[in-house]
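In what follows, subunit A forms one complex with subunit B and a second complex with subunit C.
Let's turn to the complex of A and B:
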C-alpha cells in the first residue's frame, strides 16, 4: 500500500512539475502585465519600474529559477491584482470549489446510478428510451446557455433563487445544477451500458433463474461488478469540477478556484496562475489516488500494490 | 472650462450655494446600496483612479481631489477640496484648501497633507496610473497652512482641471507602495475588499459636504451583462451599469448615458498603402458608419466623425468629414494604384475584443466593407495585452501595415487630453510624423480661452483632413436602477458613480 502510494505520488508529482514548467512559460507568452496595469501612454520609466517591482525585468531563466526555488517553499510570489500572496489567493478559493464539487458529484451519482440502472433493467422499453433521451439531452445542452436560462426563469421570472454570488443555501442551487448538468447525462449513459453488460452475464442469469428479484440483483450484485467504469468516469468528471467549473465562475461569480484562475489569466497575474494550477494539480492528484483506492474497495481482484 | 482665469468665482459661488442648500436638507444615512459593475478595480490606491474600474468605486466616494469637473458642462472646473485657485504666473498656481476637512483616519486636510498626496503621485517608482495625465513635471509645495503652491515645469493653463484627476489620500498612505486600504476625505470610508467578489463602503459621520442617503454601499462584480441586469430586476442590486440594449428595453428604470468614448480606427500611416492620403480617404469612404451603428451596435452608438465629443474645446461644430461612398472609395484606390501605390498590400485589422460589446461583429463588417472597396484585409482579434505592441511605440513601428481599433474618452473638456495622444509625433499611440502639426499642438497647450479653442479646432481640421484617424462611432450604454433608488445618469456615469448622487426613492 505504502509502495503504491509513494510510486503514484512520485509519478503524479513529476507530471505536475511538467505542467508547472509549461504554465510558467506559456503564461509569459501571453504578454507583459505592464500593458494591462499601466496606462496605454505610460512612459518607459513607468514600464521599467513596473517590471522591476514585479521581477519581470530578469532574464526568463532567472525568473524560472527563482520560481522553482520559491515554489518548493510554497511561495508563489505576490499577486499583482489582488495585492496579497498568490498562494493565499489560490488556497482561499479551494474550500468553495471542493464543497461545490462534492455536493454536485454526490447528487449526480444519486441521480445517475438509479436512472442508468432502471434503463438497463428494461432495455428498449419506454422507460429506457425516456431515460436515454433525457441523459443525451442534458449532456448536450450548452451549460453557459443553461445557466443563463435558469437565471432568467428561476431568478428573474419566478423570483425563487438568487441570480449569482454566494449567500444563502438557495444561492447554491443554480451553480450545483449547472455543474451537475453534463456529468448526470454522461454518467447515466455509462451506468446503463455497464449494467446492461453485467446483467447479461451468466452469473446474473443464473441467479435470476434461482428466483432472485431484478431489483436485488441489480443493486446488490450487478452494480458492484459494473462499478469500475462508473468510478472511472465519475473520477474524471470530479476532476473537471475541481478544475474550476469555469462557467459557474463566469455566470454566477462563484468564488471558487475557477474564478480565481480565469481572473488571473485575464489579469496576467502570473503568480496566481502558477499557484492556482499547483493547488488544482495537487487536488487532482489526491482525487486520482482516492479513485484508485475506491477501485480496490469496489473490486477485491484489484490489489493496491 | 475656465482656463487661465485668475479666480474661479462663479464656480465658488455655485459650490457655496449648493452646500447651503444641502445643509438644509441633511438627514441620517440609512439602508444599503448594492451596485453591480462589470469589472473589479485593479488597484484601490487613489493614485490609480484614472482607470474606470478604479474610479467608479473610489473617486468622489472614498477619495476626493482639489477640484472636480462638471459632468454636464464641458469640463467646467468646480471647487472640491480647494475652494479657490489663482494663477500666479505661467508656471505657478495657488490653491486654497477647504477648512474643516478631515481624512477618515482623523488627519486634518491642510497644505502639508495635500502636498504629500500630490507629490506622491509624481513618484515614478510608484507607477501611478494618473501620472501620464500630468503632461509636464509638476511639484506641490506648502505656501501657507491652507494654501498649496503647484509649480509646473512648462506653462500649463489647465492645472485646475488636471487637479481633478489627482485624488488625495491621507498622509498615512505609504509613500513608496500602493495602498491596500484607501483613506480619503470622501463621504464613505473603505471597509473591506474581498478580491474578485466585493468591496464594502460605509458612510462616515461628519462629512464636510453633501450628506449621503445610504449608510452602506456594496460593490459586486458581474462580468456577464445579463446577470447584472437580472440582479436589478430581482432586487439583488440597486444599480447596474453597462447593460445591453436588449436587456434594458422595456425596463421602467433604464437610462441611457454617454460613455464619452469614441470608437475609431488608427491606420498605420507610416507604411504603404496608408502613407498615401488618397488611400486613407478611400478607407473612410468605404465604411458605412450608419449601417454599423444602426444594425450591429444595437442602439449603443451614433456615427462619429471626430475624436472628441462636443464637450471638448477642440470639437468642430459643423465638421462631418467624408461620407460613405463606395464608388468614390474604389475610384480613389484606382487612382492611387495607377500612381504606383501598393494598394494590394494585405492590411491587418487589429480588433481588440474588450473595447465594447459586439466589437468582433463590427470588425468583421468593417473588414467586408473594406474588401468590397478593393482593400485586402485580414482580421486579427487580440485582447488588451496583445493589442499593446500593435498600439504603442516603439513596438508598433515594426508591425506590418495595419488598422488598429481604438476607443478614447475625454471628460476634461480640453483637447490637450486627446489630440497630442493621437496627432503628436512624440506620443506613444500616435502614428503621425507631421512635425508642424506637433509644433502647433505644443503651442496650443500654452494658450488660454478662445485662443486655445481656436488653436485646437484648427489642429482638428488639419488632422481630420489628413485622415490620421478614422472615427467610427460615439458609444453609449445603459444602466438600470431598482425601485428603491433614484439616480440620474450624467456625463461621468461610465467613469465615476458618486454615491452622493443616489437617493432613496
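Let's turn to the complex of A and C:
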C-alpha cells in the first residue's frame, strides 16, 4: 500500500516537474511584464528597477533555480497584479472550483448511471436509441454557447436566474449545468458500454435464467462489475472540469481557479500562472490517487501493492 | 486465440470494401443522414466559401441587426445581419471552411503523428517507450484549455498555430490507443513468423501492424473530430483562437455575444452550426464503433447478411 502510493506519487511529481519547467519557459516567452505595467514613456532606469524588484533582471537559469527551490517551499513569489503572494491567490480560488467540480460530478453520475444502465438493459430498443442519441446530442453542444443561450433564456428573458457572479444558490444552477454538459454525455456512453459487456457475461445470463429480475441484476450485480471503466472516465472528466471552469469564468464571471488563471495569462502575472498550474497539477495528482483507491474499494480483486 | 484474431481483423476487412460499408450505412437511418449532412456541409464550405468571401465582408449599416426569417432583402439575409449589417448566412459559410480546416487538419496531424509514435514506442519498448509515455502523461495532466491559452497567448493567433496547439493536446489519445494495440499485436504468431523469416522491424510495423491499427485509429479520429471542433470554437470564443480576418464559428459566437440581448440570431445560429456538425460526427462515429464491435454488430443486423447470401 505505502509502496504503491510512493511510486505513484514519485512518477506524478516527475510529470508535474516537467509541466512546471514548460510553464516557466512558456510564460517568459510572452514578453516582459514591464511593458505592461509601466507607462509607455518609462525610462530605462524605471524598467530596470521594476525588473530588479520582481527578480526579472537575473539570468534565466538563475531565475529558474530560484523558482524551483522556492516552489518546493510553496513560495511562488509575489503576484504583480494582485499585490499578494501568488500561492495565496491560487489557493484561495481552489475551494470554489473544487466545490463546483464535486457538485457537478455528483449530479453527472446520478444522471448518467441510471441512463446508461437502462440503455444497456435493452440494446437497440427504442429506449436505448433515445438515450444514446440524447447522450451524443448533449456531448455535441458547445458548452460556452450553451451557457450564453441559457443566460439569454433564463436570465434575460424569463428573469429566473442571475446572469453572473456568485450570490444565492440560484447563481450555481447555470455554472453547474454548463460544467456537467459534456461529462453527462460521455459518461452515459461509457456506462452503457460497460454494462452491455457485463450483462452478456455468463454469470449474469445464468442468474437471469434462474429467474432474477433484470433491474435487480443490473443494479445489484452487474453495476459493481462494470464499475472500473466508469470510475476511470469519471476521474478523467473530473480533472477536465478545470476546462469547464475556464469557460464558466468567461461567461458567468464565476470566481475560481479558471478566472485566476485567465486573468494571470492576460496580465502576464508569471508568479500566479506558475502557482495556479502547480495547484491544479497537485489537485489532479490527488484526484488520480483517489481514483486508484476507489478502484480497490469497488473491486476486491485489485490489491494495492 | 482464433476468436480474438477474428475480432481484430474484422474492421480491417470491412473498411477495405467501401461498397460494403456504404451498404451497411444505408441500413442505419441516423448514421446515414449524419454522413449526408457532413458531406453537404463540407461541399458548401469548399464551394461556397470562396464565392461568398466578399459578400460576407460587405457591411451595410442600413441592415444593422436585420432580423432573420425575412426575405425582404433576398436569400443572403435570410438568417439576419450582425452589428455591422453583414449577412449571417454568408459568414456562417465562410466560417465553416475555417472550422472544418482547423478540425480536419488537427485530427490528421494528431492521428498520424500519434499513431506513428505509438506503434514505434509499443513495438520497441524500453527506455524510449517509458520516456514517451511520461511525456504523454504530462500533456494529459495540463488541462488542455490552459495549455492552449498560454501557448496561443505567446504565439500570434493563426490557423497554423491553432492546429499545432490542438494537435499537441490531442496527441496522447492516439498515442495510447495505437501503443496498446501494438503491444498486443507484437506477440502474435504472424508477427513472430515475419520476424523469423528475417523481415526488418520497419517492414513488420508497416506491413503487419499498421493495417490492424489504422481502423481503430480511424474510429477514434472520427470521435475526436467533434471534440476538436468544439475545442477550437471554445478557444476562438475565449479570444485566443482565430481573429479577423480569419473567421470560424467560435469567433462568430464570441462577436454575437456582445449583442446577445439585441440580436440573438448572431449568437444562436453559429452555435447551432457547431452543434449540428459535432452531432453528425458523433452519430457517425458511434455507428462506426458499433459496427466494428462484433458483439453489437451482430445485434444491429441480425439476419441481413444471411439473407443476402441466400439471394445471391
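Criterion: the second predicted complex is superposed on the first by the 300 of 305 C-alpha atoms of A that agree within 3 Å, B and C clash if a C-alpha of one lies under 4 Å from a C-alpha of the other, contacts with A are read in each partner's own complex, and residues count from 1 in each chain.
Operating definition for what follows: a contact is a pair of C-beta atoms (placed from the backbone, for glycine too) under 8 Å apart; a residue touches a chain by one contact, two chains touch by 3 or more.
Just so we're clear, the structure is a prediction, and the values are computed from it rather than from any experiment.
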Which superposed partner A:200 touches (first subunit B, second subunit C, both, neither): second
Touching partner for A:45 - first (subunit B), second (subunit C), both, neither: first
Partner chain in contact with A:277 - subunit B first, subunit C second, else both or neither: second
Contacts of A:136 with subunit B and subunit C, given as first, second, both or neither: second
First (subunit B), second (subunit C), both or neither touched by A:15: second
Which of subunit B and subunit C A:53 touches, first, second, both or neither: first
First, second, both or neither for A:261, with subunit B first and subunit C second: second
Touched partner set for A:168, first subunit B, second subunit C, both or neither: neither
Which superposed partner A:125 touches (first subunit B, second subunit C, both, neither): neither
Footprint overlap on subunit A, where subunit B in one structure and subunit C in the other make contact: 30, 148, 151-152, 156, 250, 266
Subunit B to subunit A touching residues, read off their complex: 42-43, 50-51, 124-125, 127, 129, 131-132, 178, 180, 194-197, 220-224, 226-227, 230-231, 233-234, 236, 383-389, 391-392, 421, 427-429
Contact footprint of subunit B on subunit A as seen in their complex: 30-33, 35-43, 45-46, 49-50, 53, 79, 81-84, 89, 148, 151-152, 155-156, 159, 162-165, 250-253, 255, 259-260, 263, 266-268
Subunit A residues within the subunit C interface of the complex: 11, 14-16, 18-19, 22-23, 26-27, 29-30, 123-124, 132-133, 136-137, 139-146, 148-149, 151-152, 156, 189, 196-197, 200, 239-240, 242-243, 246-247, 250, 261-262, 265-266, 273, 277, 280-281, 284-285
Contact set on subunit C toward subunit A in their complex: 30, 134-135, 137-138, 141-146, 149-151, 153-154, 226, 230, 233-234, 237-238, 250, 253, 257, 260-261, 264, 267-268, 270-271, 274-275, 278-279, 281-283, 286, 295-296, 299-300
